[in-house]
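Multiple structures follow.
What follows is subunit A paired twice: with subunit B in the first complex and subunit C in the second.
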Partner chain A sequence: MKRYLRLYLYFLQFSFSKAMEFRVDFTFRILMDVIYFVVNILLFKVLFLHTDLIGGWTQEQMMVFVGSYLLVDSFNMTVFATNLWWFPSYINKGDLDYYLIRPVSPLFFLSLREFSANSLMNLLMSLAFFIYTLVSYSAPIGMGQLIGFILLLINGFLIYYCIQMLMVLPVFWTHSPRGFIDLFYSLGIAMERPDRIFKGWLRIFFTVVIPFSLIASYPAKYFIEGLDTAALIHVTLVSVTLWLVMLYVWKKALQSYSSASS
Partner chain B sequence: MNWWRFVVANEIRKILAFRSDFWVTFLGQTLVLILIARALWQSIFAANNTEVMEGFTLPMMTLYYIIVPIGNKILTGENVGFLAREIYDGSFNRYLVYPISFFQYKTLTYLTHSVFYALQLVLIYLLFNFFTPEGITLNLLANLAAGVSVFIFASYVFCMLAMAIELISLWADNIWSLMVMVRFFVYFLGGSYMPLNFFPDWAEKILNYTPFPYLVSLPIRTTMGLASSSEIQQGLILLLSWAILFHLMAKLLWHKGESRYSGVGI
Partner chain C sequence: MIKVQNLTKTFVSHIKEPGLKGSLKALVKREKKTKEALKSINLEIKQGEIIGLIGANGAGKTTLVKILSGIVHPTSGEATVLGFKPWERQNEYRKQMSLIMGQKAQVWWDLPALDSFLLLKEIYQIPDKIYKNNIEFLADTLMVKDQLRTQVRKLSLGERMKIELMAALLHRPQVIFMDEPTIGLDLSSQRAVREFMKNYQKEFKPITILTSHYMEDIKELCPRVVIIKEGEFVFDGALSQIQRLLGDEKCLSVTTKENTFKVNVPRTELSTKTAEIFKTNEVLDLNIHDPSIEDVIESIMKHGMNPK
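Presenting the complex of A and B:
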């Protein structure tokens, strides 16, 4: 464990010095993230000009939800997204060999090697917005409610990572330039909508099959109105299953990897 | 010389090189975005207990979001950094030895993608309307033809805008994020996230002085038959003006920045 922590610190050092090479891009990226936040907040602000409730939530409750998904998204952009973006090229060019021969878990290495230093500001801003939505929340907040909310959000980070991996891993078989990562980002809009708007099979799809609704909507729901035991068991079961499926597909994918001739 | 035929054929080959990915992504993206948008609006219509909001019924809203994802693809293509990356790594060199200018080459490859996605729009739109009570009428076909034409012209304008911005990479190291910002603006302020009728009046008025509504909202409204012919004409004139402006900006940037390009990357 210590070895992995030390290794991660090296990753951080490397990523920061790399980010500072592209200073203009560094600045633009911060601006880009600000615009992304503003657009997401404005979207719901404009919608609330025409309605009092969306998915059963008021504007104040919706902002807690928006804060939650912005936090998950920025965490992903900072920690995982860059690594998974380049993942297909490692496989298609045979560069994965270099990761497989190292004495550390290749999954750890491939998923965490590049810390996106220019997205760190984004992460801090989303954290600030998230805290702001909680502080300005009018109803009283209990400690258990807050801890449960944060734990469910951490679980949300992992679900987001697993789904993303599952969209990238088919590259081992298809050898396409990006896998289904574009599809992942399109599907990701489901994370940015309250789960209660989904009905019927679409609800099953987003809460069980590709559980985007469990990432931010369920944690926010837990915070706003509480979740019953059945819902908490559901979140746990789906998360564990997803993690196991991802590991299984990863192992199968490695077995089918044919090195540089892929 | 039918050089353009070679360029177009080559681009189509590239688009279809990974067919399974292409179709899964296309169908998945389109279908999922429509379903998510419909679910959101269904909930808003239900919360307000109304059938019409800002002139849109729920079926109209569904139609709107059928056009949006493919319309975005027609407009902005897939190649963020399509020029900046090549300038950065030096592979831009090849355009300097081509028998045609890189402006022509890039515009043609861009428009090939747009036309390809426009065909997908035609397919999906006709398929959707086939199952509606009205079915496919002559009026609908005329609106669709007009809408697709406006979309392709809008994509040409966006291509000029993208070219002007990407040429900034002759001075800056990496401008990927700048292009993403432009996309955010175009999508949100153009009407991809929701019809512009839902924006406050003052915001709509200001937006009319920008190219955004003409890049997204106008082609969608034209396809749906919601735009009057005078609105379309006026929109096309404004799009043409923006195209000329962006083209001149791109030319100027190239003229000023050409000498900075070393040929071995930056």
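Presenting the complex of A and C:
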């Protein structure tokens, strides 16, 4: 564990020295992120000009939710996204080889090697916004409520990673250039909507099959109105299953890895 | 020790006829094609031994190396390296093994070599003192002391290969797989890499499997040679046997106004034969070189040396 932490510190160090080299890219990325932020926040602000409640939430509560998914998303952008973006090309070109021969988990290496230092500003901004929504929250906040909220968000972050991996791993068999990562990003919108708007089979889809709703909406719901035991068990079961399925598919994928010849 | 028994690997691929029509057809119905990259191979390599694995492109060299280094799972058969099944990828095994591929870089492109080495130190948990000694020893013998602080992508191909060698040997592996380590290098770099490997093998005695396309590599480094053809071993024996068979032949590649051709000529007749060619043809270009790996294999097949 300690060793992996030290390895990660190296990844950080390398990524930063690399990012400093490309200054144009650096500033451009920040600009894009700011726009993405403003659009997301404004969208709900505009909606609230016409109504007092969306999916049962007031504007203030909605902002906690917006803060939550922006935070999870920017964490993902900074920590995982770059790595998973390159994942298919590693597999298709056979560059996975050198990861497989090291006495370190290749999954760790592949998922975390590139820390996107460019997105760090984005992460700080979303963190600031997230804290702001909590500080300006009018109802009193209990300690347990806050800790549970944060734990559920961390869990949401891991779910986000798992779903993403499951969209990328088919590349081992299909050898397509992107896997289903585009599908991931289009479905990903579901994460940015309160889960109450999904009904029927769509609800099952987004809370069980591809549980985008568990990433930010459930944690926010826990914070705002609390979750009953059934819902908490649901979150735990789905998260654990998803994680195990991901590891299983990864194992199968390695077995069929054919390593493009040199 | 490496022990391989009845190792087989089959790859499945789809056949697609050329053009859009072929693509559409392939979308509906796929014709599967299986290729046996390795056909029930047996091999034994002792501690400290270095063998040369040669064969044409696609003969199965790389596949064998990839199975033994744990990258690819075999279809059937058994293999143990140092007592481990490679494809189980146990850390104890991976810590003692190293793979060098001439075609694929393992050090990080955008970083100076020393940064990559630090990461490897952490990955292989090399103690400080041993790490320092190894860096010094390797950089000295490979003569790349001044290149360690330069971004790898700014180095020449030859320098990069030396850095790759350093990276692969930092943790003093017991087993080394080298897949075409000299490919694309100029002659002096090839020689430097060869010279280094020779001394390294003598001093540290790892098990080494070397695949190469250059006969020179094999001649210099490998007392034992295994020849693979279409997934099967057609020869496993001493280098001297091959050399005796080929005698001391040289290959002449000649381009004339009309055509190009190749002839194998004993070294002793080299000057007379060359003179003859010059006399009877209008020569545009003439090259004298060692017979290629393909020629060697062909020659062995023709002379019917008993395959093992």
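Here is the rule we use: the second predicted complex is superposed on the first by the 260 of 262 C-alpha atoms of A that agree within 3 Å, B and C clash if a C-alpha of one lies under 4 Å from a C-alpha of the other, contacts with A are read in each partner's own complex, and residues count from 1 in each chain.
Operating definition for what follows: a residue touches a chain if its C-beta (ideal position, glycine included) is under 8 Å from a C-beta of that chain, and two chains touch if they have at least 3 such contacts.
Here the structure is a predicted model, which is why all the values come from computation and not from measurement.
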item: First (subunit B), second (subunit C), both or neither touched by A:53; value: first
item: Contacts of A:215 with subunit B and subunit C, given as first, second, both or neither; value: neither
item: Touching partner for A:174 - first (subunit B), second (subunit C), both, neither; value: first
item: Which of subunit B and subunit C A:17 touches, first, second, both or neither; value: second
item: Contacts of A:199 with subunit B and subunit C, given as first, second, both or neither; value: first
item: Per-residue touch tally on subunit A - higher for subunit B or for subunit C; value: B
item: Touching partner for A:100 - first (subunit B), second (subunit C), both, neither; value: second
item: First (subunit B), second (subunit C), both or neither touched by A:191; value: neither
item: First, second, both or neither for A:64, with subunit B first and subunit C second; value: neither
item: Common ground on subunit A, meaning residues reached by subunit C in one complex and by subunit B in the other; value: 21
item: Residue numbers on subunit B that touch subunit A, as the complex places them; value: 18, 20-21, 24-25, 28-29, 32-33, 35-36, 39-40, 42-44, 47-48, 53-54, 69, 78, 172-178, 180-181, 184-185, 188, 193-194, 198-200
item: Of all residues in subunit C, those that touch subunit A in their complex; value: 11, 58, 62-63, 66, 69-73, 89, 91-92, 94-95, 97-99, 101-104, 106, 108, 110-111, 115, 118-119, 122-125, 179-180
item: Contacting residues of subunit A [partner subunit B, same complex]; value: 21-25, 28-29, 31-32, 35-36, 39, 42-43, 46-47, 49-55, 174-180, 182-183, 186-187, 189-190, 193, 196-199, 202
item: Residue ranges of subunit A touching subunit C (in the complex, touch as defined); value: 3, 6-7, 10, 14, 17-18, 21, 94-98, 100-104, 254-259, 261-262
